[in-house]
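Please go over the structures that come below.
Look for chain A in each of the two complexes below; its partner is chain B in the first and chain C in the second.
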Partner chain A sequence: MAAMKQIIVEGKTYTVEDESAALQGEGGTMLAPWGKNETLKYVGKRFPKKVAREKVTGEAKYAYDVQLPGMLHARVLRSSHANAKLLDLETSAAEKLPGVRAVLSHKNAGKQPWDRERAVFKDHVRLIGDDIAAVAADTEQIADDAVRLIKVKYEVLPHVIDVREAMRPGAPKLQPYGNIWEGKPKVYERGDLAKGFAAADVVLEETYTTSEQHHACLEMHGCVAHWQNGMLTVWDSTQGVHLTRDLLALKLRLPISKVRVLNEHLGGGFGSKNGVKEYHVIAAMLSRATGSPIRLFLDRFETFLLSSHRPLTIQKIKAGFKKDGALTAIDYEVIGRGGAWNDRGMYWAAPAVGSPTNELYKCPNLRTTNIPVHTNLSSPGACRGPGNTENLFALEQFMDEAAEKLDLDPIALRLKNFTAVYQPKNEPYFSNGLRESYEAAAKTFGWQRRKPKSTVEGTKRRGIGMSAVHWHGFEGEPSQALVTIYPDGTVEVNVGIANLGVGAQVIFAQIAAEEIDVPLEMVRVAYGDSAGTPYTINSSYGSRTTFQGGPAVRMAAADAKQQLIALAAETLKVPVADVQYAGGVFAAKSQPEKKANFKEVTGKLGWMQGRHLLIGKGKRLPNPAGRKVDIFGAQMVEVEVDTASGNVKVLRAVLAHDSGRPINTLTYESQVQGGFIQGLGMALYEERILDAETGVQLNANYHEYGCPTALDIPDQVTVVPIETHDLSNNINAKGLGEPPVTGAGGAIANALYNATGVRIRDYPITPSKVLQALRAAV
Partner chain B sequence: MITITLNVNGATHKVNVRPGESLLSALRLGLGLTGAKEGCGEGDCGACTVIIDGRTVDSCIYPAGEAQGKKVRTVEGLASNGKLSPLQEAFVEHGAVQCGFCIPGMLMSATALLERNPKPSEAAIRLGLSGNLCRCTGYAKIVEAVRAAASPA
Partner chain C sequence: MQSFTWINAKSIEEVKGALAKHGKKARIFAGGGDLTTLMKERIDTPEFVVNIGDVKDIHYIREEKDGLHIGAMTILADLAEHEAVLGRYTALAEAAGAVASPQLRNMGSIGGNLCQRPRCWYYRGAFHCYKKGGDFCFAVTGDNRYYHSILKGELCYMVHPSDTAVALLALDARITIAGPQKEKTVKAEDFFIGPRQDVLRENILQPAELITEIVVPTPPANTRSTFLKTRIRGSWDFALASVAVRCTAKNGVCQAARLALGGVAPVPLRVERAERALAGKKITRELSQQAAQLATAGARPMTMNRYKVDLTRSLVEKALLAVA
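On to the complex of A and B.
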């Protein structure tokens, strides 16, 4: 029975599980979280990533680089209509083309299902780009030529692209239940909305829209698959080897033991490379059909069109405030554009949006209405900080507008509504560094110099703005790690993760080095292969890799160390309790002259000594019950607006982030800077521009799409880590990858307003929108 | 197929190419040099950047045949005898690398920049890297690494 304790938060008593007991490891190993002021040797320091060397020499191999003997190249024929039945499909010309090895379509592979409503190869396509047929050939060129030789006759059906149009009666009905996902909006409510609004002194209502941001990973989506002797091996551009392996086994009805997924290096994911897509299954099927390894990658156009994107959202926020700024009620509605099929994309379209509105500010009376709408487009997906980013881009502009109306400083309004409790479940947070983030950001930035309005005339106006940052933590799903110690003293951490490149390897090495107390150079990390690694994480999404895997690694290292001490006791011929270890030397407490260094002890391991290797096992336990993990921060920017061109340039940014204990401050800074710049891109430039008639993306290339370049970034991007002492797990970590995206929109839009007095509630804030608004204002 | 001769990182190679095949494809498929990356194949991202006779080129849209008789340098040629170039070293030390897919191209652009202009201003560094997209790092540490590798002012 877990030990419970009572804590008082904001004057109320909560019964929660005691962390020290809850985090006790296997065999009773005590692994309480590190202490607040504990001196740590490796954790919390700057260490370059171990794998960076291979990347700067060009040796690092990505799935895109995999070339196998006899490998064939595959291309997919995709639908050119947004809703159509296939009347006829003629593949014989393609099959006859020299160099073509296989052509698959619903005619010869119709039984391979994709999900509950569709096959991998469709005979009724619902969006431009749906998979119709695939070709494997000796070269990509031949495969491409062959795809063009396939003739399709369509019966074209009505389709709908615009989200509002899709909601109107009489719109083409895309699903049996209609165009709103599962038939009706999803509503969350607490308190009494009418009473809340009645109690308000000021009521404000505004509508915001956010655009379809694309992940735009530099490495395109795809894999190399080889089906050989009943075993499927896939080199995949993936965020998680275990999830891809599990889903491929499921879709292809193979035992898990017959599928192996590898990922040594990943060229960007940002949420778009979790799990499997049709191309994985197609590559596997083509390999089974030809007996050869198959390389199937989407090209850049297909990636923009099909690999998923952040949904377009229309968000209406109505809120009531007391004169002092206290929120009395929020009524929030989000319409999100989904795809044609009933898949997980519909969750990302709207139900995932809105948690900051529900959680970030104390508000007893609230209603959130999420309306995910089907259209004849590809499905949206999780895009770095999914849901929270879209929501905060709106909510944080709204709070700025409210602050002005209430004549309050934007930070003062936010502080007035601060809460240390996760309202949907009435659970206190393990930690909430929001106040500290505001304070530190304001100090570093010089927020007190902010004037309510820019007084500068002329064409270059400067303004400053801020936004809160919010991301939801997780409950601590099952996660395992192994730590092996070899005879030469090498420590190997074995984790089942892909390699996103944000530094999990060095972080896990730091944690093991810390726990065992060995130099970092002696620790290597094995990863990236679903065969032979434990289940550390299914896929690296949700900013969980360190938060999930780190505690398991620490526990495995502690287990290994305990075994090492037993071995040292044997070596020194003293009882285990008499052994102490410091600075690489084991010694008997009772007889300090009895000692052995690290390698003398590990030298007793291995077959030559007739001993097993030493393997420490660790698993992550769930967070102690009764409390919630959330991640917070504050971002501040200064912008310069050119009123002649409409250009908005961010001059500097201060990013204060509470993610628990920073493990590696170098990779930490890089993550935060990179995330913020993705947010800046979404705020100012990025959107999938679709042809209103067909839904084809018109800017499906890097040149026109608008990812930020080195010329678009602020001169200064200062990262301020806010270290909260979080007790949800034994390494005090909360997660960092996604939160940095979430604050950029609000901060930039608010700074634009501060500079010019115009509000742009429709992201991205393009020069033409700024110019239009400026003209309308005079 | 046509056989052409390429001089890559100081060594001469014979390689078979299709008419119109890109230099990037010849390097990656023909010579197995996968350091130069393909991020778009359309000349937009710079991941495929190599240096030809001192100038940076998007090798994905540069015909392999055009490179005959010229000196091609790729990321594989930056380190010598296992020793990283100062620029490569700076990228590692300054944490300029995340996923790393843009890095080979970034390094080639930065190498060409520093060869042209050993003491570039901040603006010159940014301009010099502006043809290379990075989706991960937000460029700050990349710019910092280039600044650090530039000869001391």
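On to the complex of A and C.
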């Protein structure tokens, strides 16, 4: 049992686990977090990603590029109706097409389940895109032609696409419990709402909607699967090799040891490539049926249709404030559009939305009502900063509206409601750099020059706005890493991760180089293969890769170093306690002339010396109990609105982020910039557009979907790292990949208001909405 | 994509021969910027694809006495950067430069740009509408926020997607057509046809015909032209609305003007009423506003595109003030 201690936060005493004791690693190694002012050699510096060159030159090979001898190509026949029963399915013409090697459907593969309510191949389809049959053929062209030869007779059933319509009585009922997930809204409450509103001087209520943003990964979703001699090997476009492996083993009832998943490079994930989808199982089944490797990639249209998306949300916020800005009550409701099936997508549809409302501002009386609604569509999923992004796009506009009504500066209102305590569990945060983020962003941006109205030049109006940033940290799941030291002195960090593209490889190398004290070039990171790597992370989601894996890597490196010192002691013929290591040299403290350099010591390793390799093992334990990890920040933007065209251009942005210790300041910057740009896309351009009648997606291609181009992003995106000294783990990291998306919408919408005096509460803020709002305001 | 036979023509004669032989089953392939997508999505399934990329004599920009001669296979990037085009046929250079993205301008030809098919997303999707021989326009009751008309729509409410077409109308260009019959030349505005005339096509070309050349007459002295376009993003996107204007003016007084609109009607639309209102008058803010009103007079927006009226007016006003 670790030691407990008492700390005082905002005048109250909390009993928490002592961090130094809690951070004890495997085998008794004590590894306290790096000190606040500790001088570090590699950590906190700029290093390019290890794979940057390969990617830019095109040498990088993605799962999409994998070509195996004898490989066949697969295509899937998908439902063209949003709700229908299959009356008849005729595959013989497809089977007869020369070059076709296998055709699977519910007729011959009906027993393969997908989840508790459906099979992989459906005989009752509930959305456009549901899998009906699959073909493996010599070429993709033949497979595609064959799929079109399959005849389906449907009994078309009523469907529902609109989320409000789905909530009405009499709407087609999609699940036995109705269209609201599991029968009723999920409610979280604290305090006394009525009392809170009664105490308010000002009450404000507004409704906001956010659109369905796609992940829009450059590399499409798919895999190459080879089932050979009872062993399934999958080259997967995935964020996590271990999660894909475990789920495939489960779905196909294979021993985990008989499934191997590989991923060296990934062309985008953003939350859409966690775990397995039907196509993984279909590729495996076709490989089993044909004995050949199967390549099954979705095309661009299917990727939009089926790879999941951020949910559409309708959020109603009602809040009471004292004259000085103090919140007295919040009543929040979110309706989220879910899919037809009862799967994890329903959680992302609404229950995941709302944590900033619950947590970011001190408010004793609060109710959050989450209403996930089934419709005849594909399921939403986690999309970079899921939930918090949708919520902050609404909440941060709301706070701006409240500040105006209360005649307060937007930052002053936010500071008035600052809290250092995680309210749902009444636990203090390990660290909270929100205050510092506001201050630093304001200073860098020049916030004090904000005018209540815009500057005007012809049809151009300029304005500025800001938003808070918030993301939830994790409790620290088990994570393992290995560090091997070879006889030539090179170091290999062995981690079980895929390559999401966040730069984890260079970050893990920096951590190992730091701990062992070897040059960074000596360290290589082995990853991307579920066989032969430890369980570092199941999949890279939640901004956890560094936060989870980093401490384990540091622990493994420390373990390796301990062993090296023992080896040095043997080499120098002195007791272990007498050995010190610095600058590549081991020396005896008692007899400084007794020394050996790094390679002399590692040279004692290996079979030629009759010795094992040196393998350091590291484990990450949970965060010390009693405190919460959350991630904060503040974003400020200046926009220019053309009142003639309705175009909104973000001219500059300042992004201050508290993510604990920045491990690599270069990848830190690019993560924050990239995340913000993705948020900008959601704020101004991106949305899944459906035909209201049929549910067919009308803009399921890159061109029409409309991610921001190089011309649409500001020339100046300044990143200001706020370095809080977080003690939740031994590398002081909190997580960074997702939070930068969350602030973009609020900041841009507020700047638009500052520029034009019109509020657009319905994202994305397109020229047509701006023009309509301006016309209405005249 | 459905399988097809690739015919790599080396001369206009070969193109004409192949087209005459295969008729409706053949398509011309210029840059492929549009045709490839149509074929990949199986919206168009030709059996023969006639590549004109290697045909000599249709890649050129020449300024001659009577004006600018442009071979049909000339790529948009060249038009956008050509000195004479920039100088005297500004609207065309600007329109070519406003098309799509640098990659598409490097591949796309002027002929192909004029003959590209509608971007209406029902046409591009699995909807059997009028344009595909069906008996319904899905855009009327469906989603018409971007790619649909506010003027001149009937049966089909598409908007013509070509940016260069709008400039060519304002510049009074002629289009040369070759085919089984004798070569002919038509005015740009007579080249494009609306759905009432034939809902299955957007121009007068018969299956065995092709564009070989575009001629833009030398503008009179004291003439300036410009093309303005509003799109959602800074690159890639088609026009929400566009305008091209050519104006001959002396001491700020307009002697003659030609005005055309894009992104608002099934054809690139010349608005003569607005042109007449300008002739003989000094171009002021008030006059351009009046002309803008006239240009959009009779607009019948659909359920989701009312904003295009305001947008078009702003563009007309801005364009007129720019060339005055």
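For this structure, a couple of remarks:
Simple rule for what comes next: the second predicted complex is superposed on the first by the 775 of 778 C-alpha atoms of A that agree within 3 Å, B and C clash if a C-alpha of one lies under 4 Å from a C-alpha of the other, contacts with A are read in each partner's own complex, and residues count from 1 in each chain.
The rule is simple: a residue touches a chain if its C-beta (ideal position, glycine included) is under 8 Å from a C-beta of that chain, and two chains touch if they have at least 3 such contacts.
Quantities reported herein were computed from a predicted structural model and do not represent experimental measurements.
For chain A, the partner that touches more of its residues is B, with chain B and chain C as the two candidates. With both structures placed on the common chain, the touch criterion links A:T709 to chain B and to chain C.
When the two complexes are overlaid on their common chain A, residue A:Y64 makes contact with chain B while staying clear of chain C. Of the two partner chains, chain B is the only one that A:H265 touches; chain C does not reach it. In the superposition on chain A, contact of A:Q141 is made with both chain B and chain C. Contacts of A:G674 after superposition: chain B is touched, whereas chain C is not reached.
After overlaying the two complexes on the shared chain, residue contacts for A:D691 are found with chain C alone; chain B is out of touch. Contact with chain C, but none with chain B, is seen for A:S645 once the two complexes are overlaid on the shared chain.
In the superposed pair of complexes, A:R53 makes contact with chain B only, with no contact to chain C.
Of the two partner chains, chain B is the only one touched by A:L218; chain C is not.
In the three-chain superposition model, chain A touches both chain B and chain C at residues 141, 703, 708-711.
If you check the complex, the residues on chain B that touch chain A are 18, 28-29, 32-42, 44-45, 47, 74-76, 78-79, 84, 88, 91-104, 107, 122, 125-127, 129-143. Against chain C, the residues of chain A that register as touching in their complex are 80, 141, 144-145, 459, 644-647, 685, 689-693, 696, 698-699, 703-704, 706, 708-712, 766-768, 771-772, 775.
If you check the complex, the residues on chain C that touch chain A are 1-3, 101, 121-122, 125-127, 138, 141-143, 145, 230, 232-237, 240, 304-307, 310-311, 314-315, 318. Per the touch definition, chain A reaches chain B in the complex via residues 46, 48-49, 51-53, 55-62, 64-65, 67, 139, 141, 215-220, 265-268, 270, 299-300, 500-503, 666-667, 669-671, 673-678, 701-703, 707-711, 713, 715, 717.
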